[in-house]
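Should a chain be cited, it is by its letter among A, B, C, D, E and F, assigned in written order, with residues numbered from 1 in that chain.
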Amino acid sequence: MNLGDMNWLEVQEYLVKEDRILIVLGATEQHGYLSVTTDVSIPLALANSASEATGVVVAPPMNFGISPYFLEYPGTISLRASTFLDVVEDILRSLHHQGFRHFLILNGHGGNDAARGRIVELENELKRMKVAWYSWWMEPSVTAVAEKHGLVSHHAAWIEAFPFIHSRGIPEGSKDTLTPKTLMSAKEVREYAGDGVYGGPYKVADGIMDEIYAAALKDILELLKFENPPMHLI
Amino acid sequence: MNLGDMNWLEVQEYLVKEDRILIVLGATEQHGYLSVTTDVSIPLALANSASEATGVVVAPPMNFGISPYFLEYPGTISLRASTFLDVVEDILRSLHHQGFRHFLILNGHGGNDAARGRIVELENELKRMKVAWYSWWMEPSVTAVAEKHGLVSHHAAWIEAFPFIHSRGIPEGSKDTLTPKTLMSAKEVREYAGDGVYGGPYKVADGIMDEIYAAALKDILELLKFENPPMHLI
Amino acid sequence: MNLGDMNWLEVQEYLVKEDRILIVLGATEQHGYLSVTTDVSIPLALANSASEATGVVVAPPMNFGISPYFLEYPGTISLRASTFLDVVEDILRSLHHQGFRHFLILNGHGGNDAARGRIVELENELKRMKVAWYSWWMEPSVTAVAEKHGLVSHHAAWIEAFPFIHSRGIPEGSKDTLTPKTLMSAKEVREYAGDGVYGGPYKVADGIMDEIYAAALKDILELLKFENPPMHLI
Amino acid sequence: MNLGDMNWLEVQEYLVKEDRILIVLGATEQHGYLSVTTDVSIPLALANSASEATGVVVAPPMNFGISPYFLEYPGTISLRASTFLDVVEDILRSLHHQGFRHFLILNGHGGNDAARGRIVELENELKRMKVAWYSWWMEPSVTAVAEKHGLVSHHAAWIEAFPFIHSRGIPEGSKDTLTPKTLMSAKEVREYAGDGVYGGPYKVADGIMDEIYAAALKDILELLKFENPPMHLI
Amino acid sequence: MNLGDMNWLEVQEYLVKEDRILIVLGATEQHGYLSVTTDVSIPLALANSASEATGVVVAPPMNFGISPYFLEYPGTISLRASTFLDVVEDILRSLHHQGFRHFLILNGHGGNDAARGRIVELENELKRMKVAWYSWWMEPSVTAVAEKHGLVSHHAAWIEAFPFIHSRGIPEGSKDTLTPKTLMSAKEVREYAGDGVYGGPYKVADGIMDEIYAAALKDILELLKFENPPMHLI
Amino acid sequence: MNLGDMNWLEVQEYLVKEDRILIVLGATEQHGYLSVTTDVSIPLALANSASEATGVVVAPPMNFGISPYFLEYPGTISLRASTFLDVVEDILRSLHHQGFRHFLILNGHGGNDAARGRIVELENELKRMKVAWYSWWMEPSVTAVAEKHGLVSHHAAWIEAFPFIHSRGIPEGSKDTLTPKTLMSAKEVREYAGDGVYGGPYKVADGIMDEIYAAALKDILELLKFENPPMHLI
């Protein structure tokens, strides 16, 4: 269930017996042949699946992240790092004020990791707040699936090419892996990364994608229990 | 067409012959018996209708706005004023960098008006940029329809109760109009505004809602021409 | 009485029996043929009149506001939106710390409205604080006087041409009304608005100005009672 | 002449032959038995005298400064250091944009010195900008007059007790000098400084005050020439 | 050679033939039985070794980083994420202004990674600037050495226990690995992590530490060539 | 003893019986023929001497300060005023959180004075915190030594030319004193100040330097007692 499918009275009822919420932090940025909102769509799909299974509500997604390196690719909307941290703080602070206590953040974009320090600052200030951060594509369960199939994950390549993501013109075959040694400016990245894909197969069989999705979803359902030490609130 | 239905190559093609974009600024906040994302859903619906008619692309919506006065109502997510202004600046700056030049902002929430000063600051800095700001519920064409039917608009009342908005438990009849004389804190608002509706009929006939929608859409299509003086870029 | 006519011991005495204060938020910006500090002078005059009638003290005026659109007109001093919000917060926070509780803000400039969200954020944090915001030229009592005389208000036109405002070279007659459809940059505004007046008669009879002034003052005296629900502090 | 006594057309005329402006940075804070706006009134008086002698225009004063240590004294309005720096930047940037080039800042309050670093940052960015900063009470010419009469200057004592400053209840005689060794909080200052005067005679003969005033004014008139090396713009 | 061993004339000479500089970003935070400045000392040692081998100058280290999760451990000094990003920007901007062009950042602390987005923002703005970011303990060459010896790296364990780091009371043996599933507050971390070590052997043979050091240094010397594509400046 | 020579357990032991700490705020900026880190090295030497005598611990130095006026001299690293204030706040807040209560700041650079207002803001917020600020070169005890020898202090001249500071090429004799009348931009300063020394003898006898050092150290040892009124915590 999405927060957008509820009015405030329904949210109030929800809070009587539940204090968990799923937060989607995405990005709008180049993803090669895939939709520029790939980093929103994947964690949102996972959030919705997890919500169906558990009844935990999903907040409206944050559609923009920290993507300064892709700004030369049309369709990329990048928030300054400082802006993004403020947004994340404000979302969590608002919901915490109303009684939400367990936040599972489904992050869709690596650049957004910078917000984790700010979240800990917030936890230091607010009482009884528990935040888990899940970046699906780099979690052990997911990379284990990839490894099983002899695959490695790179930006905009097969790992993000889920059937439910808009795409156009995905090439056959593989691309040589890009391994930048420096922090490149947007202009350099555009020249360096060409079509924007960072290497490996452009696409793999739907069955593998299903496994990937299932592995991530299983992690999320586990995390939603907020059970493992030190998960108790103090 | 939504930006999310395109990859960057498609956005690049789009920019060859077009430099307009529709930006939706919403809010996630109490709306009485209506969805907490009402302020996203209405301008997004209008944006999509306008996009269908013109082919102008719609950016992913900004789902959060400035709503500090509703923070005691569960489900309200309010960004600090400073955060919201930064977000709006970053969205516009990113898209302008890639060649977008005509921005029609469909604003769904009165509290977001604070961003207009920042946008002008940005226009002073960037070159050849034209931004129009449309707050559908308070524009002359829309209030004219309301007046024709003897209606006045208030927060979370009939004017926002479109059939396509999630609602539950909308009462029959009307509510006395609330006319606060001060800037109230969230605690005061909760006590003062009760169910969160600011007065007038809770709901009106679908036909009136269609007229309202049509009036707003007509305005938007007109604004999208970016024709009237001083619309030329300098 | 102005705060500047008191030393701290006198302010301390004042606070024993009174916790109200009048705050003037102005602007220094082009006003056509009128003084660039018109937006300070009018609310300050009203504040002084109200102070004479009630003994409520007037804080030193904030002489600068948010006016990015007028920066191409010499004599305009515009604070960034973020700066202005910080100033308003700091003024209120300082006075609240010392025991002031009822703040009537007499705002002289439309662009300053952006501060209202910040004020609510502050009310959410501080205890027992009541802030009313009064923008004299757009309040119902004042527009009723205008309507009675068949007049509409526009920037720098008759509505601000009080006899006590410095002016030079006010033309006879009327100007066509300006109705910008977009948020214009300072450069565009300068080209578009010419002498800086937004239309209607440049000046009207002193008697009408007296009526306008009296209507606003009456409102202010009423607001200073901080009586109407939900004016009680919680 | 004050900027407030001009409309924008007059400012435009002024800029044809002149690019100097006097900026008053004050404070609203306890001054013992003297007005809480003493730090505005003195530099503003000097600015007006200098303006009369030279025709250089005076900007509307900034009435608030950085005074966190006096916040326990009623009537003190302190801006955060960050806020004040932003204000000073915005004032200078606005006026520089319109063609002002030589800025003489008459500062009335020691705490405001923190803005000087920001001003240099601004000079590094903007072209052809010359800013002089004058804190009248600590300049050599003024302390020489004090020394001649065997006097030392302290906050809120004789040096600020000009006849044109509102005062009430100034005691006879002298107060022991306060010499705090630490940065005290507002609570400590209130306990430590009692009536808020930092020591020395509460008041001296008007003749001495005239000498002080004349010495400061002479400095200001000299500085307004912006002549001494390295005053040339590059 | 350290910048601190040069005066500005020597830096000027240096810049005639060289535009590289080594920047050390550290942290002051709990490291179990090791010095609280371990995250400064290790990258600084590497920087000095690299400087000896190449003559590239080393800037004074930034001794504080982003460590909110360790604030309950005495001796931890944590900068807010926003502060740290500003510091990194200002250091790079200053040096770039004077002609430095190739920056090799030796980062000693994982929490500091948040600055990378800001650096790319800066690269987008400034011209001809190349920044490489090296976090020694997680680079492939270093983890390969660890793997060779059957070791895994964790905070404050063997991987940081270089002989040149101050330590007291390092226990014998190993600690169970900590694998937190959430972003913990400082209070939770203190309870959870006990002595502050995150698991594995507390210490290993000096020979292994030499191999680790050598592997990192070799990487650094390679990176200092700024040779690999896309290392050319555009 | 330096904080860097302790692990957190040792800091914890220290806090059982002691709550004082020495904080060094320096700068990296041109100092004529002296090291660019002169403003770090001098207060750090004094801090270490005071630590030896008293056992009070020394925090890792903050190596960068506010030096925008020297940015045209290679080797100058200047933090924006806003950045520096944030850093000082974060350092103090972190240490206060862990139980440090008496902070003696040894400041090495005049431009850093801007942080004092921010520190008072912090004292107003935090409980039981005492901060003393010592700028060695301008304190009465030190200027008395200078006067005794007929000397006046200027930037980068004899007063900073301690034998333990790196220098190269210090000229014989004296330089005419620079007395800038305005706030100069970095470009102007470079042209105006030439070698960067602000006048007087480039160097004096070691014996005088020893006296200077001893006078400052004596002050510091006295301040470390935190004895004089109003030093008691409230």
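The definition used in the following text is that a contact is a pair of C-beta atoms (placed from the backbone, for glycine too) under 8 Å apart; a residue touches a chain by one contact, two chains touch by 3 or more.
Please read these numbers as outputs of a predicted model, since none were measured by experiment.
Undergrad: Determine the set of chains touching chain C that also touch chain E.
TA: none
Undergrad: Taking the mean of the CA coordinates per chain, how far is chain B from chain C in Å?
TA: Between these chains, centre-to-centre, one finds 27 Å.
Undergrad: Distance between chain A and chain F based on Cα centroids, please, to the nearest Å.
TA: Those two chain centres are 46 Å apart.
Undergrad: Out of chain C, which residues touch more than one other chain, so two or more?
TA: Within chain C, residues 71, 80, 82 contact more than one other chain.
Undergrad: Quick one: do these chains touch in a line, a ring, a star, all-to-all (complete), or other?
TA: Graph shape, chains as nodes and touching pairs as edges: a ring.
Undergrad: Following the ring of touching chains from chain A through chain E, in what sequence do all chains appear?
TA: A, E, F, D, C, B
Undergrad: Which chain F residues qualify as touching chain E in the complex?
TA: For this pair, the touching residues of chain F are 3-12, 14-15, 28, 30-37, 40-41, 59-64, 71-80, 82-83, 86-87, 89-91, 94-95, 97-99, 166-169, 195-196.
Undergrad: In the complex formed with chain B, which residues of chain C make contact?
TA: On the chain C side, the touching residues are 66, 68-69, 71, 80-82, 85, 111, 113-121, 123-124, 129-133, 180-188, 191-192, 223, 226, 228-231, 234.
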